[in-house]
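Here chain A shows up in two complexes: once beside chain B, once beside chain C.
For the complex of A and B:
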């Protein structure tokens, strides 16, 4: 029926302040990394076109601010997302511990119909740092992801562009799957019930 | 008998007849009439209160000002009493920046609280966010009014470089998005073959959705903003959001009317319940899945006509075809004689959506917007590639006429005869064969009664300023408020009405809607580019023009020469007159060197009014054929 259009995927990136959400997005979309830290205020939006198998999709990435004071953007942001990316910093234990609360926050705000099956992807960022600085081990993280519902997890570096494309490929595939299910299948059979005859009694002219 | 129907139709009658001008009237709101339950507004009614010339550049300073600007918020429930004055003036128009102030105690106006902020990557390297409160407006300003700052961008080896967010440089853009921020439709005035509008604007919709939602979180509605010469107007019909961006000096009301028409068009193919249901299970639903090729080309055609200036939408009326009274009554008789029990409405329509005749139930009329949508569907969606209409083709299509009833479909039988269309509307979706038979009988009768030829002739023969003998007048729009129809003379030399948009938009918005009679005289001193007005020697009568009295030709040719010369040596100045009374609205444009004095233009305007009133029954479809 409808003509083929590029599928639009809405992807939300969540995580504590400073874990590298914006950098991940910039690395993925523009292949660039900035050493400067600039706090995201509110949110930022970038789009990237991808081909998944033979399907062209436009990924609309909503990068949110990790800072608490911007959290009230919530509902507006999360509504209608096709995939949610949860980011932590491998050098920051607290950001890792907060992953599950970000997940819960999203599920509450986005009012997801089927929370069990909503696609999340976890990203542990900044793996380029010295081993000595890594606090969250890969093993620990993987176990955690399994416990959260067998979520896919990636160890990335936005700085060195490690694992970024792989992570976003999975993000896009999961988002596409989410976008394509729950298709609307109502009918278009809403005729208006009108009975003119009874309404215009005695108006034959 | 269906009680719902009775309520709906009573309201319809009100919309189109009692309310002389649904565009501006605010008196007939459903709330005032206990008989009528609240329903979709006939047309969003924003009064003509002049908008405050708020620009984004000044928004920051306005934030500090005492709340005396013309700004109001729609959340009557949450309004502190001190703002009640704003609500009274009904200028439902939310400005940037002041939002935070109205909802928080303004102890610290420089600190943005939480919501109206968006990421900015400033061009500077220091990344200083102390001025965070400015980022929201800055970003929007960049989005809308930044045009040629390419050189600045090059200097900054900054992330900002890479945002690649296109800048809205189009003179006009329509965007339709879902309230999850997914783009449904985009159309701009720029014809860019390399990049589709959708691709260019996909990056914006998230931002726009966030802005709208930020205001909603604060309990207010974001309606419109002005940045320099750009106006952005939002119509929130959740789960659908419509946005218009215009640099053409159109008023908020103009753009709101246009968005309303686009929304009505969307509803015409989907209906309200279908749209609601689509998003019910899934906020992120992609509504484009419900839009077929025909729907999109219909949206394109309608958006293009709005971008290229549609007088009917500006004045909120249908154009009518001039017909002799005897022909009119014969047509009505033919329609009525062949009426079958399933017919709700019968319409004869000329290309361009010009109304020839209408058959309708005595107490029910159709809303102008519904008819504009229907005519757009009929003429844009069903013509072949050569712009011809196939006479053998018969169409049967479900249409949701949203002002009539947004919750369901009516069924339209459409058949083209020569250069006009016969449209029969029924509520029964199984009545195709009855409708076809009726249509055939109507056409047969029209032929028998010799009505086809005069009709074709009437469609071909335009009204000219020559026959009204108003040589000073270049072009005019006369709208009969009672009939919600308008006439325009033909433009000399195939002139493009688009060139008159600037003047008509200004004239129309100059009308003082608060007073019964309003006359405004405007003069544009800045010479217009020669290309924007066609050469005036084209005013030479065309052959199809009806005979005019010779006495007018002398003064006419004098004026023509005058206009000719000035066209070359010294560009004409344009004067215009807007004249509104409870019965009619007249917009007149005149072009001559030095301009036309107000008194002279009033004299011409009076002549037009007298002429239109004299031939009123010829010019407009009155009641039509009622049953």
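For the complex of A and C:
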């Protein structure tokens, strides 16, 4: 089995445009929030080193554009993902209603081997806003997460840095679990011989 | 025969001259099937000529580990000294042995460390014996590692021909002791073994008489010969054997492409900055270790910056030298008449922007253009315009005003446009039913969400008060104008609807005019050429990605091969550049200047694809040598201008000293030369396509020569 130098956890953040995907990623990785972030075009990722229990891992977080028509690009970015984060905006009912279609779309485009057990985490963002503006209640959301397969769910604010580390800790653990499962199942179908150094019978060194 | 016979070695043995262990055969794509073995050369008897030397390979598993033969093989490999032993079995798994006289050619395929091992492909003269491809697992071969380390100490990381040093290149230099190897110009990775003059002519057409291939072709035609010797049987066989299409090989045949990799290696290894970088102990440590992906990316950017710097100083200090270098790097043969000297020189004129005075001189007293449109376009294409006249110039370039109009005509047109805009705007603004429509409300939501995130670092678009709550309402008056323009645009084009990215195209226009009506019409015209980027089915942008794919395959086959082997030839990492025309990648003043140039359509209406091609060409060396995964490429292109922060823009939105940040001039020069080269290659191919024969040039590629903008519209309204 291939021995990887470092564990790389690939995490994809999905959700409607404007729910705060870029802001969440920035808050988690760089610990800041800005009103000057631009709408995402295409895709980008940031990485962050993490320690889970006593294991050091690198989390690679992919941020994509939220507008519906750009979803078809996902094929290029979702491949090899270890966890998918579904984000909605607590002030926007539609973004909440779309969570399950983001989930389905992801499973199709990422070509996940075992969809039943692929880890998803739900995030309801912007909880810092005035109570009067919150449209999706926590209770409704929690019930929904249970129905969707008992998915972990967090209420966060990228702006006020509420619950961000907690959410990403669970994301990281789920991703790590997924990564280890995959490694265990072994994947030798690669068309090209990668990692020549790691596994050769009768190595002379 | 007795052992004293001088024509044989004692005991029927043979003399091993060369052995390399850990040379593999990959019988399938599965790693566990890989078969290690020994590559060897032996002399069959003491009086044997070089032609009788034998080259062979035997699998490790077919050599008894306790045998004398096994010990000899290891001994010759590690010491390099010759030694006698029994002849290895020429049977068993994939084993073969071949006399030098039977050997026709050797192809070297360079390694990509960490991705794949380098390999050699042998071809025999008979062409029948199916010789296996041999893979050099350099990281397992003690003798190769030893040699590599020795070289690293002396900083000779490149082999004889300035290519990366590896087991295969080592093998080649050993082989040269006993055989004449001639590198073909058809495919620089292929060496002919003891070739005849005919072989050399067939595979290295330029050696014949110093004529360029294109001239060669014409000469043949004149003599009434059918076809050309370039496409003789032998060459055709090569074409079908390699995965490259005839087209790509043709590009190399015309000698318009030189071995860019070698050139770049040359350039870089002569570069004092680069050498400093490479010899720095920290970098050495990185290079020697299994450096992580981050370090790789970092190095790639570093190398690029250094190249940028030294290019710039080269341009300033010795502009002639820079020109020669660039022409050479791009493989443009100066003697070749396909691209004229004037065209080449024009391409270097890119740094002089059109001034206010120059612009005014182009119009007569009635404000009518008094030079030709072609002259205007060509002039603006070479240098862009100064910011004082940019707004006005764009109105012409985008087609809001026709070039034939007088100043008076334009006043009248402006009035009409004013009332037309008002009319469109009232259609939604003073219509409550329209505003209550679900689609309209959804559009307002989408537009507001995005204008809040558009160029907010610019003074013009900042928050009115720092802690203003925009959840309640946007108050910046300019942002509100952007919103009105976009809503009115939906009235004007009722199918498309707002799509993310459109605010990026609108904001620079508004910044220029700060007038709602003028901005609207300039935007509407800009959207003629940009609408295809935003279609619901993404077909317009995918078309461009496909064209780009064809173009890179055609113009930069080596890089394309690398991207393909890294599963990264889908080119989605250019999505953002394509969608909003480099607005996100380049500092404000720089993309504006680029837009000046693109809007002229002087080198076709899709010159932006050549700009991307130039980015790839300029970074070809670093891309091939330091990056090998999709996410690395994405990061590299997304951060092309990393280190340039938004704060580098002054109050007027002009970047502080753009030359310091991003060498647009160099990039545009490359892009233009690439365009000229492309055009002439198409010409050459057309000349060689017989009437009735299907042209190998795709329609996508051919369309790149057209100055007509490509218009593709949404056919029906779709939400989302």
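Methods note: the second predicted complex is superposed on the first by the 175 of 205 C-alpha atoms of A that agree within 3 Å, B and C clash if a C-alpha of one lies under 4 Å from a C-alpha of the other, contacts with A are read in each partner's own complex, and residues count from 1 in each chain.
Everything that follows uses one rule, which is that contacts are C-beta pairs under 8 Å (C-beta built on N, C-alpha and C of every residue); 3 or more make two chains touch, one makes a residue touch a chain.
A quick note: this is a predicted structure, and the numbers were derived from the prediction, not measured.
Undergrad: Tell me the contact category for A:18 with respect to chain B and chain C: first, second, both or neither.
TA: The second partner, chain C, only.
Undergrad: Based on the superposed arrangement, let me know which partner A:129 touches: chain B (first), chain C (second), both, or neither?
TA: A:129 contacts chain C only, not chain B.
Undergrad: With both complexes overlaid on chain A, does A:35 touch chain B (first), chain C (second), both or neither?
TA: Once the two structures are laid over each other on A, A:35 reaches chain C alone.
Undergrad: Considering only the touch criterion stated at the top, classify A:149 as touching first (chain B), second (chain C), both, or neither.
TA: It touches nothing on chain B or chain C.
Undergrad: Just to be sure I read the superposition right, which of the two partners does A:45 touch: chain B = first, chain C = second, or both, or neither?
TA: The answer is both, since A:45 touches chain B and chain C.
Undergrad: A:65 contacts which: chain B (first), chain C (second), both, neither?
TA: Once the two structures are laid over each other on A, A:65 reaches both partners.
Undergrad: For chain A, which side has the bigger count of touched residues, chain B or chain C?
TA: Touching more residues of chain A than the other partner does is B.
Undergrad: Would you please give the residues of chain A that touch chain B in one complex and also touch chain C in the other complex?
TA: Comparing the two interfaces on chain A, one with chain B and one with chain C, the shared residues are 5, 36-39, 41-45, 47, 60, 65, 69-70, 72-73, 76-77, 188, 190-197, 199-200, 203-205.
Undergrad: For a test of understanding, state which residues of chain B touch chain A in their complex under the given definition.
TA: Spelled out, the residues of chain B in touch with chain A are 1-2, 4-6, 9, 114-115, 117-121, 125, 127, 129, 132, 135-136, 158-159, 162-164, 178-183, 198-199, 202-203, 205-207, 209-210, 212-214, 216-217, 270-271, 273-274, 277-278, 281-286, 288-293, 296, 341, 344, 361-363, 398, 400, 405, 407-411, 427-429, 626-627.
Undergrad: Can you tell me which positions in chain A touch chain B when the two form their complex?
TA: 1-3, 5, 7-8, 10, 22, 26, 29-30, 32, 34, 36-47, 58, 60, 62-63, 65, 69-73, 75-77, 79-82, 110-111, 113, 178-179, 182-184, 186, 188, 190-200, 203-205
Undergrad: Of all residues in chain C, which touch chain A in the complex?
TA: For this pair, the touching residues of chain C are 21-22, 26, 29-32, 34, 36, 60, 114-117, 137, 139-142, 290, 292, 294, 446, 449-450, 452-457, 463, 470-471, 499-501, 503-504, 534-538, 565, 570, 572-573, 575-576, 579-580, 584, 630-631, 634-635, 638, 646, 720.
Undergrad: Which bits of chain A are touching chain C when the two form their complex?
TA: So the residues of chain A touching chain C come out as 5-6, 17-18, 35-39, 41-45, 47, 60, 65-70, 72-73, 76-77, 129, 133, 188, 190-197, 199-205.
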